[in-house]
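Structures are listed in the sections that come next.
Each of the next two complexes has chain A plus one more chain, namely chain B in the first and chain C in the second.
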Partner chain A sequence: MSKLPIPTYRITPWLFLTPLFIMIALAWIGPLFLTVYLGFTDLQLKNFIAFIKDFFTPQVHFTLDNFRRIFLAQDPYIPEVARITMIYVGSVLAINAFFALVLSIAIAYFVKSELISMSLRVSWLLPRITPGIVYALMWNWFVSRDGMFNLLLRLAGIPESWLPSNWLLDKPYSQLLMIIVNGYIGASFGMIVYTAAIKSIPPDLINAALVDGASEFQVARRIIIPLLKWPIMFVTAWQTLSLMASYDVILMVWGAAQGASPSEVLGITKVAGVTVWSLYAYTQAFSQYQYGYAAAISLVLVAIGLGLIVFYFKVFGFRRLMEPSRVEV
Partner chain B sequence: MSRLSSAISPTALAVILFIVGLVIGVAIGYVVKPAAPAAPVTTTTVTTTVTKTVGPGATATVTETITETITQTIAQAVPTGGVITIKAWASGSPVDTTRVENVVRAAELLNNILKAAGINVTIKVETQFFRGDYMDKLTAAFAAGEAPDIIAMKNLPELVDGGYVIQLDQYIDKYKIWLDDVYPVLWNAVKYKGHIWALPQDTEARPLYFRKDVLRKLGWSEEEINALPEKIRRGEVTLRDLIKVAKEAMEKGLVQWGFYHRPNFGGTPFVILYYQYGGILQDPETGKLVLDKNAMLKMLKLLYEMAQVEKVLPPDMIGTEWRKIHSDFVNGRVLFWFGGTWHWAEWQRVAYHEELGKLPESYEWENIGFALVPAPEPGLKPMTLSSPYLYYVTSQSKYPEIAFILIMLATSPPLDAKHAVDSAHLPVRMTTVEYPYYKQSKFLSEVAYMLEYTSFEPLHPGWSTYRGAWIEAIAKVEKGEATPEQALEEMVRTLQAQLGDQLIIKG
Partner chain C sequence: MVKVTLDNVSKFFGKVKAVVDLNLEVRDGEFVALLGPSGCGKTTTLLMIAGIYKPTKGRILFDEVDVTDLPPKDRNIGMVFQSYALYPHMTVYDNIAFPLKLKKVPKHEIDKKVKEVAKLLQIDNLLNRKPAQLSGGQQQRVALGRALVKEPDVLLLDEPLSNLDAKLRVMMRAEIKRLQKELKITTIYVTHDQVEAMSMADRIAVMRAGRLQQYAEPEVLYNKPINLFVAGFIGNPPMNFIEGSIKEENGEYYFESEGLKLKLSKDLGELVASKSTDVVLGIRPEHIRVITSGEVDNAIDATVYVIEPLGRDLVINVKVDNTLLKILSTPGLKLEPGQKVKLVFPEEKIHFFDKYTEKAII
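After this line comes the complex of A and B, so read on.
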């Protein structure tokens, strides 16, 4: 072994990491550079074929027009998309990071029966393990004009005239629905992280507090939440970044589940007011075929994402986040 | 260190190295392989096949019969013989599958001819049928170098400008004896930038359907009901009159809604109304798109009135499921439906009726009538719109001429009749109307007059952008989120930003 010029222990980790690096290079760094490049071009349906034949075709021009359209309000829909995205990320984050916390404390601490706690956790996990399109179809049926939701509301005595004519298309109900549909899936991520953290709190700490006369609420507020500081920050950071880039559920509920073809999705989501930034990039690429412009739109997202990562690193102390759990110390 | 190195036995290290090597190898292979051959192969094949088949063939047709031309062309195009695969993609409503099936039938026909001529070539057709727009799948297939040979869609300017489809002038010249009976007006729909890029696959009219049973309950006599289409044709009954009828039917509880229109952008009633109010969409001289503010505002105002003032049209029409629309009209919950001729066939083929399921045609004749889209107001004209579906040969096809022969045969009168009757579209060949299979269709002969009142959508690459802004204005106006004036203002602003000098604003 020691005949090798470089000690094995130096090589072994790299050997193990090589497949990962290859994957990252192919699936992440490559597309990233491509997206940056495309963001500065006018690639669209018109010059797409020339582009796939020859990467450096003169038919694809280098241009700053895409960014002019975004930042100089030449695309009149951009401010609206930005507004919807902020509402979306803010509200769903509140559910995924903070409602999930309340939920986990309730499930993992207040509910003492493991059976009930387990079944509650499973019920929140259901939307995540349901195939996306099934989940989207179920929402479509649930809120359709003659669907179960309207039926329940009518049974509860709500007059017909109060009901919106279409939950999926009438603002602000459609936007509320966008938040709920995504929050219901997303809450389980935080819930799992928090529940695991709560379960790993040494019982001695809690028992000592209870012996000293603390109420259950005080235990939650003074012991559990402070000890969950790191998981909370982690979930918040993780969820902000993933929410900014997520549009799949919206696309399924307002697109595929409605039977809309790609070219119709943008129209429907515009009417419903649920065109979030990443979905707008998607529709620009795959229903308007403005590949260059779509790349530029998603680059804005990348820039904001990078900014947020730096922010979290500095403010939240992300480095310490990566260290072993504080709870066990 | 010693602990670490002793932990890894030489065998394990060899295995790891092997796996890593495998992954790297596969990755390199994946990156290198498609890049190298893909680009040159497709380009050279296209050019060589075209020059080979067109060069000598074009001059040789005069003295030969067309079948000989075909068999010789194919023998030249596939000198080695054997099975060649042609991929055909199309989209449409469930009754439109003949768009791909006719290509299969054409291939069967061609295979018989080849067999009779003793040529050892068999053509196999692989088909894909989509329910809606499939441009995204098409671009992906092009990127992968696996594009179909034949596609049926509209979108002519985008396909031409992007180089997805090839010019057909030379083939049309070569086989013109078989294309003599294409309706002359339809050639306009396939000409762009001075060339012909497609063969018309079908066309249609967009009538206003009405429920005869509801009109009967309103006290209309059988003669009055049967005279309605003619009165609409002569401009004696306008949309205003029908709004009143619709209101009456709703007040009496006979229907839930007076009118339904399609849930997304389409020719009817939006483009038709705009044309009726005097608007044009394309400047005949420059070919640029046109927005006539005056006509557009009148069109938006009418829809606003229908949805928000008279309340005969659901305000959330845009985005409603197709299934619900058909189901409501077929079950008599809606009086008027701005549909297309093909819906007549769709109702017979898809079970929309809650008791009867698929409608027997006799039920349709008993309860459903059709007319031109009436003039919106007295003094204006009734109208309809045709939007021919087109067959193209793609630029990635290895056998463009064979693909062309297939689409030529697929639109030949017997197969044209099959598609027209089965899907309730109008034929593209003049001789089709003489075919027994076509003649048996009472519906098609009764809507034929509508082609005299027809109009077309513009052929411009910016048209889909225009449609996008237009449908948004319509949705906002109908939902009452914006006044017609506000919606128009926003539409103009959006289109000016997106289309720039490709748009002329009038009025």
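After this line comes the complex of A and C, so read on.
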């Protein structure tokens, strides 16, 4: 093929790919370089107009102050953000990678009725199919003062004085909600991968284990889970990275769905204790207008993410990670 | 060791009737083959005995104990699956040890038994390997080891040799039979290969479309097949069938078909005619005699069609009118395609089946 004399054969595919490359350049590579650059500047509201007019304006200074603020605790809120982020990533990861595994095994193996199994799977997929803002609004209604949740608790006889004044703002309930709201939407990713992998285990293997004397529980523990080793690693790696960078659901539940303006979001999430790292970067940029500082904060996240990627690829191997539903049979 | 009884067992998957009203008794220590074409319900039957499937109807007894509702783990069964179903994440050692670990057998005892079985099956040098690193024959031995290590009451084998090459298959056939006789485990062996069943089993249950056709010793299946299906399934090359009718002329009986008129003895003729006149004559390839010259009484004219030399045997294909017959003969007979020959059907070797019910008349 490569010896074909007509050059258009080689150009055509690139021609078709050009729009994609332009998109990638504009949406990914450009911002990436810009973020790295901005992270080392003092760009903020007061010199922003000058920066827009002239990229090399002397009003924007090169500085390491942003990183001093982050690492030398000159920003007193940074340790708190780091702590919340770790709780957030750790807990939601536990739901998305581990609890999703338990659920998948329950749904794909223990529930023998195909109809029930299907309905359970769909019920976990619902939050992902629902538009994000609708999902956020539904949570707001659910936990509002006179919402369904309080109604149920009152019906169950819980005295009024025990209820927090606001589920979304009172710690630790707000932080618990942060975990649940994100876990419920995120579990479906792992479940899709796991369920496909479980369904691809040959029935003979499971029958053999049963004949060998295993109980259903032992089949799950000694056959199914070990066979899901690669899917589990894949989901864990994938979810750690995407959780670190994701703040959209928190922003919607604690911001947009509350009717909060961007400038109010940081205040609300601070009270609620749900300011994760990526959200903090967002609020620094779009409600505090500290563009340089925000870029620096997100750069730290990018660095950690890159480190994790290298770590995962080293530990699991690149090819294996790229084969999500691989079952070792 | 136990006696296994299937009492009117049926298994339906929705509309598919995989097994219908199966009655089968396997004696203590007996080696029984379940024989039938693919899709006839053999695996389903095994899985019901193992407890993986629950029968739609009927009961399964081990000795006199009803085990129909017992889960597999309470049945003490060893099973070799057609796919071997070795656990890919475990070494050969762990695969074989798995049933014992589940039984909470002490570690040193597990070690002893695994090594014993491995030695018996000559896989003691493979214990540290993973299944993916084994050949088909080795995997098959590991699967057998895993089934035997727990000293099961019943051994179930689902086409264990079908994935092996021909040479290994013949070797393993003898080995499994010897092993079964040595250990005296009640064994049910599923196969679609009649040679396997005939050469290994004490008794053979022939199945077709979920129904038991005949359950008997190999010689009985060979000599007295109960219907057309069994007659055609047992034996290689298969029995020749000729459709025709029984005619009576002047007190003499004949079997008549296109291009063929065979005089029958009075006894046989009367017997067959009293049951049915539209019949199928069956005769095994090894029972037809070929005459190349001279006059013979009651012989059938045929033309040689093609010769298949098989070394020890010679399969002669002849045409009687438009019916192709296979004849098994010894080499030495000089025959050419197109040559006219005469065939003799020894009367005591002839089978007659009712054309409509397909049941054997004699």
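Here is the rule we go by: the second predicted complex is superposed on the first by the 297 of 329 C-alpha atoms of A that agree within 3 Å, B and C clash if a C-alpha of one lies under 4 Å from a C-alpha of the other, contacts with A are read in each partner's own complex, and residues count from 1 in each chain.
Note that in this section contacts are C-beta pairs under 8 Å (C-beta built on N, C-alpha and C of every residue); 3 or more make two chains touch, one makes a residue touch a chain.
Everything numeric in this text was worked out from a predicted model, so none of it was measured.
In the overlay built on the shared chain, the residue A:Gln218 is in contact with chain C alone; chain B does not reach it. Of the two partner chains, chain B is the only one touched by A:Thr18; chain C is not. Judged by the number of chain A residues each one touches, B leads among chain B and chain C. In the superposed pair of complexes, A:Leu227 makes contact with chain C only, with no contact to chain B. In the superposed pair of complexes, A:Ala108 makes contact with neither chain B nor chain C. When both complexes are overlaid on chain A, the residue A:Pro76 reaches chain B alone and has no touch with chain C.
Residue contacts after overlaying the shared chain place A:Leu205 against chain C, while chain B stays out of touching range. Annotation: chain A has no residue touching chain B in one complex and chain C in the other. If you check the complex, the residues on chain A that touch chain C are 202, 204-205, 207-215, 218, 222-223, 226-227, 229, 328-329. In the complex of the two chains, the chain C residues touching chain A come out as 47, 50-52, 71-73, 77-79, 81-83, 85, 87-89, 98-99, 102-103, 146, 150, 156. Only residues 1, 4-6, 8, 16-17, 19-20, 23-24, 27, 31, 39, 42-43, 130-136, 139, 142-143, 158, 161-164, 264-265, 314-316, 318-324, 395, 461, 464-465, 468, 471-472, 475-476, 479, 481, 490, 493-494, 497-498 of chain B touch chain A when the two sit together in their complex. Residues 1-2, 7-9, 12, 15-16, 18-19, 22, 26, 45-50, 52-54, 69, 74-77, 144-145, 165-166, 168-171, 258-264, 266-268, 270-272, 286-289 of chain A are the ones touching chain B in the complex.
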